[in-house]
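Alright, structures below, take your time with them.
Here chain A shows up in two complexes: once beside chain B, once beside chain C.
After this line comes the complex of A and B, so read on.
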């Protein structure tokens, strides 16, 4: 058995103070000067370690405080208050919620799964991925070896076109030439970022992270710089210019390349294949209501991999947009119906914000996923989108050290990988390839609603 | 961000109860002014410590403003009153070390009309700063 895929993590400190859910407001006026001040009794030494970050005018109090409320309750003159931090509520937006962002920060810093404790109080359904539950029936049968011990669960996926049958000549020699396939140890690639401050350091951090994880990062041809040459085996070069502009030496060292969907896309794939037969070509396609028929046509024409991209909220481009999980389900089932699903690799991305989304989208039919904004959040992005408006980044993302950024990305991916293992283990599935399209092992809110309530309104 | 650089720089610390939509409202000014203006929203202006104000001046702000919520509107009852005392105290401190007390200014908006952070900032910008660059920056 091959060695287990394991991501080595190391605690990587934040550069800026965290925006915490609650904050301390402690007033000095009215202090009774007690012999033993409650601030001195803080078990976490919050008040002793007190410091101020002048870049943000934030005190260390909030990020060090562990919410035990001992000082709040103990001060005889009630001079210490603890309140919800309004800055926390303002993080992100309706989709990239403060809870998601702070969860990603925690994982990027510690490399561990966030544990909230105290059970889950709801909601039990919501929009998007929250309207889907996975079947965790095998969670009652934990193996003695454990999923992080000797039990082997594979998260490896193949990127490329597959042959459905091998053909041999009369002498028994193989006649079929299998198309090139690239194997990645976890079903996640790093995608183009929808927005960011100047991203030289960010791109290098993503590449360094991708290399250490054995996966790939998509880099625009126009943003490719000589410093990236050492990462070529882990780059998916996105062709945003002309095919003829790609240096033959660079092309030869690439394993994956991405071209935008449009007229003549299969002809472009052919040109690339002639120049480098070992290259796997990905076709990047915006998710829209016509995606099912377009994917089917491209599959018939010989496409190898299709990368379906939704917007940053996971919505397709349409007047009445479907969420990514719904559209990917439709595409997957359409291909299954036509008997061609296994020929092609589907990568889906856009709106992937949490580890559970990885498993859920794979269940809906994606082979692998592309991730974008969480990588920025790993590097402390607050999803304020100021950079998109040309305003300076509050956490100075343009100045990051790529080694630090890569370590944060690696930590986040380790957290996600461990959660994927937990889900697979709880579902009793031993490899992620078998999870693909396993819709029978999941429940969808709209289906349940229909099953339960549709019959109630019928007459007779 | 270190505010040492060219041009007159302002640090605006403000109580965020003042303008619930402050994050969006201040973006236009941030875009126009770039690094010469920095906003620091506070959960309550009463949280400000003399150290905050001194540090803002130390890090190179030519002028520091503290905007509280209107009198009587503090959600912690007397946070803005405490802020007023602290500004006065800090003004005394900076005067002792040779800074003009005008480098620190308290702004208390009127309770009668609700104002947004960008309106308040534009008022500040329309006024003459009447004070040169900070001695912290050197000559």
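After this line comes the complex of A and C, so read on.
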């Protein structure tokens, strides 16, 4: 058994004031100056703790309020109210919702998973990942207690091509040379960012984070700078220029390299393997309706790893795009059908926004995932996308200290790792490799709705 | 099994206003300085929104204001005020109250019913929330015909909990619901006792949860379900012998497949002694029962209780995995009288958000699945199916029954009656700031037992009346006729107008 994977977290404060869902509105006019003001009775001592954040000259009140409404309901002249914070509503968009963004902030700051009282307060279901539920083991199947550490659940996955059978010669000596495989302790890699302010510090934070977590960050060849050399064992170098431009010394120290899908991609893979046989090559490919057949063909031609990339909303490139989980399901099942699924590693990414998406996409057939925007959000990004228009970043991401950024990223990933353990534990699954493609242990909205609700309201 | 129609001797409804100075409602009423204190508004308003004051009338109960629809009435104070001193607006705080499942409307409706024992009239949607699916998209299809024209007393809402035909006593409850487990420790003793007393008044049951059987509950033994969960906290032979129903909690819908966790802050010395643990240290209930790894082990569990208490019925509480139907059959064959299905959107004192949202299926799917499967097995009428996990209103309750449950188990709704506002912070620091889910002495003292008991009684009597009115509209004389009637409900996304034989209750 491998040594237990543990992520060290430490509380890492925000640089900017949190945008909270609601704010306290208190009027002074009409105040009776009660001897004992309800503000003094606050259970959470919010009014006593209040202060001014000197950096932004903002009141700290709203970020500590716990929405108990005691002061609202207690003030004799009804001078205190709570109102929706308009800046909260404006965070992100329909996919990267304010709830998702603030949940990521919490995890990045606290290094803890979100726990709350009361039942679930969200929608019954929704599009994309919200249209499935994961299974649990009732009564007769033992579950695993991974989170409190009493039982070990492995989240390790292998990146590389696998041999299906070993071959021996007549003397019994092994003839097969197993291809190189890279192990990562949790099924997540850090991907290229779809947008960001100037990212020298951001890249370094991602690399520092990746190194401390034992995983990888994809870095463009064109953005590689000498300061990154110490991170080479945790870099997936994305070849956005020419193969021949890669310094042989750098290449030798890499474990993973990524090349874009296109004509001659297998030939390029061959060239790289000749130069560094221990290297695992990832083929980066946009997700589209032809992905199933393309992946099958590449698998037959000897590809090792395919990285399927959807857009930042998890959609493939098509006039009528499928969501990443649907397309990955189809690709996975197509490969299973052809009997070659286990030869190849599938990494999928785009629109991965929450810990639950990791488990759900693996259930739908991915071996590992790539994440992008959540890493920026860990560093307080508000998903306003103004950087894409060249407008300055409201949280000055270009100025971050990479050690601070790495700590935030590590906290977030620790939260995701623990949440993955919760899901695996409930299902009674001991390792994440066995979760891959376990669609029978998931419940899909489209099946259940049809089975249960479409039949209602019919006589006889 | 035929059930004798029984008339429920109802406890009385007594008005119990909010324990906070300003009750929260949909509207905000303010009187400006130009008021000359003529007192006309006080006389006009039939909802007692105003009380007399020395300089101007006091807006004492704006949550009872009819709101904008009042414009049509001849007692509309805003227009009648000679000084035009009254302003009516939407309460700005209302916008951020509640969540998708428990909308501000549902919360305010529950508070209204708990206060007055009447249906709300302020234009609040008291039937559905805003979750966009499940119960919130299911509607009754009422026949065109007028429905039964009989007094409420002639409609039975009684259900039998022992349908097994074994030699154990029949246990009937005059309302098709009981109250689910909330342990001492997760809620205050006042909350716990008020739920138990309300259950006794309504002649139904309340479950102890996993945290022991405080001696204050002993006078209500006949209305208590004692729970045995994986931590076995507070389980003793004498507590099992004391009650009419014993419940095995295998799993909880809010965190299926995960154990329970009581944070150290909530483990006071009283909680600790009840649970035979150490004050201040967090307590874990493991998952699963480490004595059960097969259906045979499960049967051994049930037999153990049946041997210990010869008159007890056994209930098995499970959550809703993909094979929930098999779990229900297994539980029945192991000898359970009641199978409680706890759907994934159910309540909890604390659970990881990822578990609440994603693990196991909502109760709206699980109940019909189990009902159909047990019917096909030919054992549906031998076992009582209780649905729980996200039943927020009388309409949810009736829909769950139409989907195939015999009755429902409630939890969060009781707490809302006690003025829970769903802030989701039950678990933090000293616990619930509103004194419901806490063991902090000062916070516990925010609520009085009689107040709390009556609030719960008021709300559920209102639910019972709503259920009776639904049954009448459907032409049914007993709630048992509603069980599994897939034909009387439709889902807004799938029902076609041309197939409708009746009116959708929108």
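The definition used in the following text is that the second predicted complex is superposed on the first by the 423 of 460 C-alpha atoms of A that agree within 3 Å, B and C clash if a C-alpha of one lies under 4 Å from a C-alpha of the other, contacts with A are read in each partner's own complex, and residues count from 1 in each chain.
Just so it is clear, a residue touches a chain if its C-beta (ideal position, glycine included) is under 8 Å from a C-beta of that chain, and two chains touch if they have at least 3 such contacts.
Small disclaimer: the values here were computed from a predicted structure and weren't measured.
Look at A:27: by the touch rule set out above, it reaches chain B but stays clear of chain C. Contact with chain C, but none with chain B, is seen for A:66 once the two complexes are overlaid on the shared chain. Applying the stated contact rule after C-alpha superposition, one finds that A:240 touches neither chain B nor chain C.
Contacts of A:87 after superposition on the shared chain: chain B is touched, whereas chain C is not. When both complexes are overlaid on chain A, the residue A:78 reaches chain C alone and has no touch with chain B. Touch criterion met: A:456 reaches chain C, while chain B stays clear of it.
By the touch criterion defined above, A:391 reaches chain B but does not reach chain C.
Ranked by how many residues of chain A each touches, chain B and chain C are led by C.
In the superposed model, A:113 makes contact with chain C only, not with chain B. Note: residues 25, 81, 83 of chain A belong to the chain B contact set and to the chain C contact set alike, using the contact criterion stated above. Interface of chain A with chain B (complex): residues 23, 25, 27, 29, 52, 54-57, 81, 83, 85-87, 90, 384, 386, 389-392, 396. Considering their complex, residues 18, 20-24, 28, 59, 91-93, 95-96, 98-102, 131-134, 136-138, 141, 250-251, 253-254, 256-259, 284, 286-289, 292-295, 298, 318-319, 321-324, 327, 330-331, 344-362, 364-365, 368-369, 389-390, 412, 420-430, 432-434, 437, 443, 486-491, 493-495, 499-501 of chain C touch chain A. Across the complex, chain A is touched by residues 1-2, 11, 13, 16-17, 23, 27, 30-31, 34-35, 40-44, 46-47, 49, 51-52, 55-56, 58-59, 76, 79, 82, 85 of chain B. Those residues of chain A that touch chain C in the shared complex are 21-22, 25, 43-44, 66-70, 72-76, 78, 81-84, 103, 113-126, 133-140, 142-143, 145, 147-148, 150, 354-356, 359-360, 419, 422-423, 425-428, 440-443, 448-449, 451-460.
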